[in-house]
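The following blocks contain the structures, represented as structure tokens.
One chain, chain A, links the two complexes that follow: it is found with chain B in the first and with chain C in the second.
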Partner chain A sequence: MKQSLYIAFKYLLFHKIRTLILVASIGIIIFLPNGLQKLIEESESQMMARADSTPLVIGTKGSSTDLVINSLYFRQEKIENMTMKTNGELKETGLGYPIPLLSTFKARGFSIAGTNLDYFNFRKLIISKGRKFSFVGECVIGSRVAEKLDITVSDSLISSPENYFDFAGVYPLKMEVVGVLQETNTPDDYTIFTDLKTNWIIMGLGHGHQDLSKTLDQSVILNRDSSNVTANAKLFMYNEITKQNLESFHFHGSPENYPITSIIFVPKDIKSGTILRGKFEAREILNQIVVPSKVVETLLQSIFRIKQIFNTVFVLVGFATLLILGLIVALSLRLRKDEIHTMFTIGSSKAKIFEILGLELLILVLSSFLFALALYFVTGYFVNDFINYFII
Partner chain B sequence: MKKLIVVLLSTLIYFACSEKKEGQSINENKVKRIASVNYPLHFFVTQIGGIKVDAIYPIPTDVDPVYWEPTAEDIILYQEADLILLNGAGYAKWVDKVSLPQSKMINTSLSFKDKYIDLEEGQTHSHGPEGEHEHKGFAFTTWLDFNNTIIQVEEVYKALSNLLPDSEETFKSNLQSLKNDIADLHKKMKAAAKKIEGTTLVASHPVYQYLSNGYNLKIISFHWEPDQLPDDMMWEGFEKILASSKATIMLWEDTPLIEVNDKLMNLGVKPIVFNPCANTPASGDFLSIMKTNIVNLGDL
Partner chain C sequence: MIELSDIKFSYPNSEFHLSIDSLLIGTGEKTAVIGPSGFGKTTMLNLIAGILIPEYGSVIIKEKEINHLQDSERRNFRIKEIGFVFQDFKLLEYLNVLDNILLPFRINKSLSLTKEILENAQELAASINIEDKLYKHPSKLSHGERQRVAICRALLNKPSLILADEPTGNLDPANKAHIMDILFDYVDNYSSTLITVTHDYALLSGFDEVLDFEKLNIGI
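On to the complex of A and B.
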């Protein structure tokens, strides 16, 4: 047996390329249905876990899927903004607490999520380096953002302009990284968190500039009277918030009208959540309220239908591969006719020859299984990418 | 033998320290931390919450809490508190520039926000396509009208009771006692205001809007500091107002400089200290300071 195994092993080693092609093709065929199953199952469990941990999401009327995807994954689908007025109304209900979100901007390819510190407590996010943001202009980054951009505490990030041709539009803001989050294996790892106020500054609703009532540079003043000073376009706006200019930053207009993309609402209990949904049904509060788990469930059901089609395809491909494998074995036996005859002539029994050939096949199949197993474990690392590229 | 004694002592010290630490952490878990943005709110928390809460107030005594500029460490104190009490009406300008957990923030004057008093003074500025921006805001010493104070005290009570429902009865009894004291102040303030009814008062600083509104007092405000000498232009402006208003009383947040005091007396104006008590007083507390204020006004 040991000798047969040795001969089989040596034979396969001699025909390296052929062996590798066979192992790879059989391995991939074994892996594909199982790997996809794993990807879908893990994606499903990750997505459902994220959705289940988010009790209610409120946003403007429109696609509930876009609303949930934006609120849970910070994927910046073009959803209509709502105002902070709704946030105030929700807080006043006393049924729980709202967490406003504004996810419109990006910095170096990663979404900037404007929120407040309740989000950190709600998601149980832990700071691994530095601290939470304290002042406007500061940001906390997810672990993968830190890793991919190779930045850490005290580095900075500049928000990307919405439109490169709009020179008078949104100003890029240089934000200081004050903290890095511990890895959570959720979309939070790929997000840059700032205070809502920082996002409003990026939007231009708040800004900092020299004090017009005290400035000695008359060239920035267009008109001055007892109650109003009008500046011209020369007025320099700060694009970075520092300790020195923090005092000069101010907001315009009523905070009630400031935009947000959605609100996560955390009810005190199930009853409070039901009462709140009733208020939306009765149109006491406008906008739409959705239960993320239901929206994600619907989204996943469509994916499951695709999974069934894939499974059928894999069964057929697997069957075809088995046939090809059979053909390869048959052809291989015919090619090795002389070799088998030689073995027989030098005294090998028929049983021994079958044992050697059988062991060759066994090694091939086992190696294919090992290859498929390795691929199966590697798949786990691509769950987040799979969710990002194929599901949302 | 010596070695044995050292080892025994070290072990004893180690266990003593560990026990203390454990005790502290249990204590930390139990006592809820309540942070306030000014002294009156901090005082209300200590009066209503008593030993059931840990009242946090990191603002130094020599700073006006409205214009305090906190450090990142100060902000962390507020961020980690279980409740953050705000005065509302734009008080504590720093709150707009920092990140605090919204669910823990309570605006104690929200229920009377429609009664906030607009600031008369200030300058707007314009630039960009948005046009003119308003920068005036509201008067913020809301507690100088004791009717407002009672509402704010009740809000503090509600917030504490929601946080610690088991201690509600204790809070209720403490609230009643505090409300009685404030009601007494209100009564005395009304009597003192009655005495000077129809008289115009001048004030060193525009902080008495709610006092004026609540007790029907006519107050004209200036921008003078108790520890600074007004320049000639300021005196000139003051005398002009004095001639038209016939004011004989000037309210000060703190005792003015002796030179200012004498000059005012020569002009026939009596300086009276009416301390808004926005920050921790050097001696006494909110109630005793307000009592002294009312006595100062009533003694006229």
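On to the complex of A and C.
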């Protein structure tokens, strides 16, 4: 057996590329159904855990799936904004506390989520470096953002402009990173957190500019009277909030009309949650209220249906692969007719020749299983990417 | 002594028939077998080796009627007593030279691969000037070198009978002479018997006997 194994290994090593192609193709066929099963199970468990930990989500009426995905994963689905007025109304109910969210912008590919510090306590987020944000213009980044962008505390991030041709619209804002979160294996790892006001500044609802009462450059001034100064487009707008220009930042309009995309509501108890849902049904509060776990359950049911189709496809592909493998073995035996005859002539028994060929096949199949197993374990590292790219 | 008598052999679904009434080859003799292609020279070698079994008649080697032995007995006899050399070398491309030489010891339970055998293989390789090729694959060798490897493989177990099927068919004149010298030296040193099928009449002078299939009316 030892000598047969030696010859079988030598054959497979000599035909490295052929062996690798066979191992990879058989391995992938073994891996695919199991890997997909693992991905779906892990995704289900992660998505349900995220949904279960979020009791209620409130947003404008429309797609409940988009609302939940935006609020839980900051995926910036196009949902209509609501106003801070609803946040105030919810606070006044005394049934729990609302956490407003505004997720419209991105910086270097990662979503910016405007919220308040209650969100950190609610999600039990721990700062691994630095501190939470205290002033406008500051941000706290998730662990994966820090890792992928290779940035840390005291570095800066610039928000991406929504539309390069919208000169009157959103301006990029340079934000200072003041904290990095500990890894949580949730979408929070991939998010940049700022205060709501910082988001509103990016939106253009608040801004800072040179002090017109002190400026000496008369070419900026269009009109000046005792109570008002009107400036032209030459007025310098700050695109970074610093200690020096912080005081010049101000907001226009009523704060209760400022936009937010959704609200996470944390009821005091189950009863409070039920009462609040009743208020929405009674139309005491406009907008919609959803229980994320129910929405995610519906989403996952669709995925399971697709998975069943995939499983059928994999069985057919597996069967086809086995046929091709059989053909390869048959063709290989034909090609090796001379070699087999030589071994027989110099004294090998037929059983010994079959043993060598069988061991070659066994090594191939075992290597394929090992390759599939390695892929299976590696799959675990891509669950978050799988959720991000294929499920939501 | 090798004795073939009343041999009749045919391949299934073929018009080929081989018949040998009587053939004696003495121990230690160097016999060349000549004759046109298709007359059954290689078939005769395979019958002597016990790879093919005649329909009638007997093949007796060292007083053993090998065509009446069990498969395993016949194989064991072949492993221990017969060394094969082919025209196209029959080396395994995926094994290096040393592994090719040792192949009979790796594929036969009755032969054990010991340190002594390994040393013998290296000495034998050195004696025919291929000691520096031991870890190369056959595709990296010239035809002459490949045939020397095949001879090494055939002689390592010190067989009492060497069956060579056109061993010089693929070689240039210098290599032909060298290969035949190696085989003749072995036969002389170990009192072995050599039966060589050849089409090369220039080599016949080195043989004790020449068996012409056409003249002896052996074959189809």
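Simple rule for what comes next: the second predicted complex is superposed on the first by the 365 of 392 C-alpha atoms of A that agree within 3 Å, B and C clash if a C-alpha of one lies under 4 Å from a C-alpha of the other, contacts with A are read in each partner's own complex, and residues count from 1 in each chain.
Just so we're on the same page, a contact is a pair of C-beta atoms (placed from the backbone, for glycine too) under 8 Å apart; a residue touches a chain by one contact, two chains touch by 3 or more.
Remember, predicted model here, so these are calculated numbers, not experimental data.
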Could you say whether A:250 touches chain B, chain C, both of them, or neither, answering first, second, both or neither? first
Partner chain(s) touched by A:97 [first = chain B, second = chain C, both, neither]: first
Under the stated touch criterion, which partner chain does A:10 make contact with: chain B (first), chain C (second), both, or neither? second
Winner by number of chain A residues touched, once chain B and chain C are compared: B
Which partner chains sit in contact with A:352 here, chain B, chain C, both or neither? Use first/second/both/neither. second
Touched partner set for A:301, first chain B, second chain C, both or neither: neither
Quick check for you: in the superposed arrangement, does A:339 touch first (chain B), second (chain C), both or neither? second
Shared contact residues on chain A for chain B and chain C? none
What residues of chain B sit close enough to touch chain A in their complex? 69, 72, 75-76, 79, 96-104, 123-130, 132-135
The answer for chain C against chain A in the complex is residues 49, 51, 71-72, 75-76, 78-79, 84, 86, 90, 92-95, 99, 103-109, 111, 113, 137, 153
Contact footprint of chain B on chain A as seen in their complex: 91, 97-100, 116-118, 121, 131-136, 138, 168, 195, 197, 209, 212-213, 226-233, 235, 246-247, 249-252
Which stretch or stretches of chain A touch chain C in the complex? 3-4, 6-7, 10-11, 13-15, 338-339, 342-349, 352-353, 356
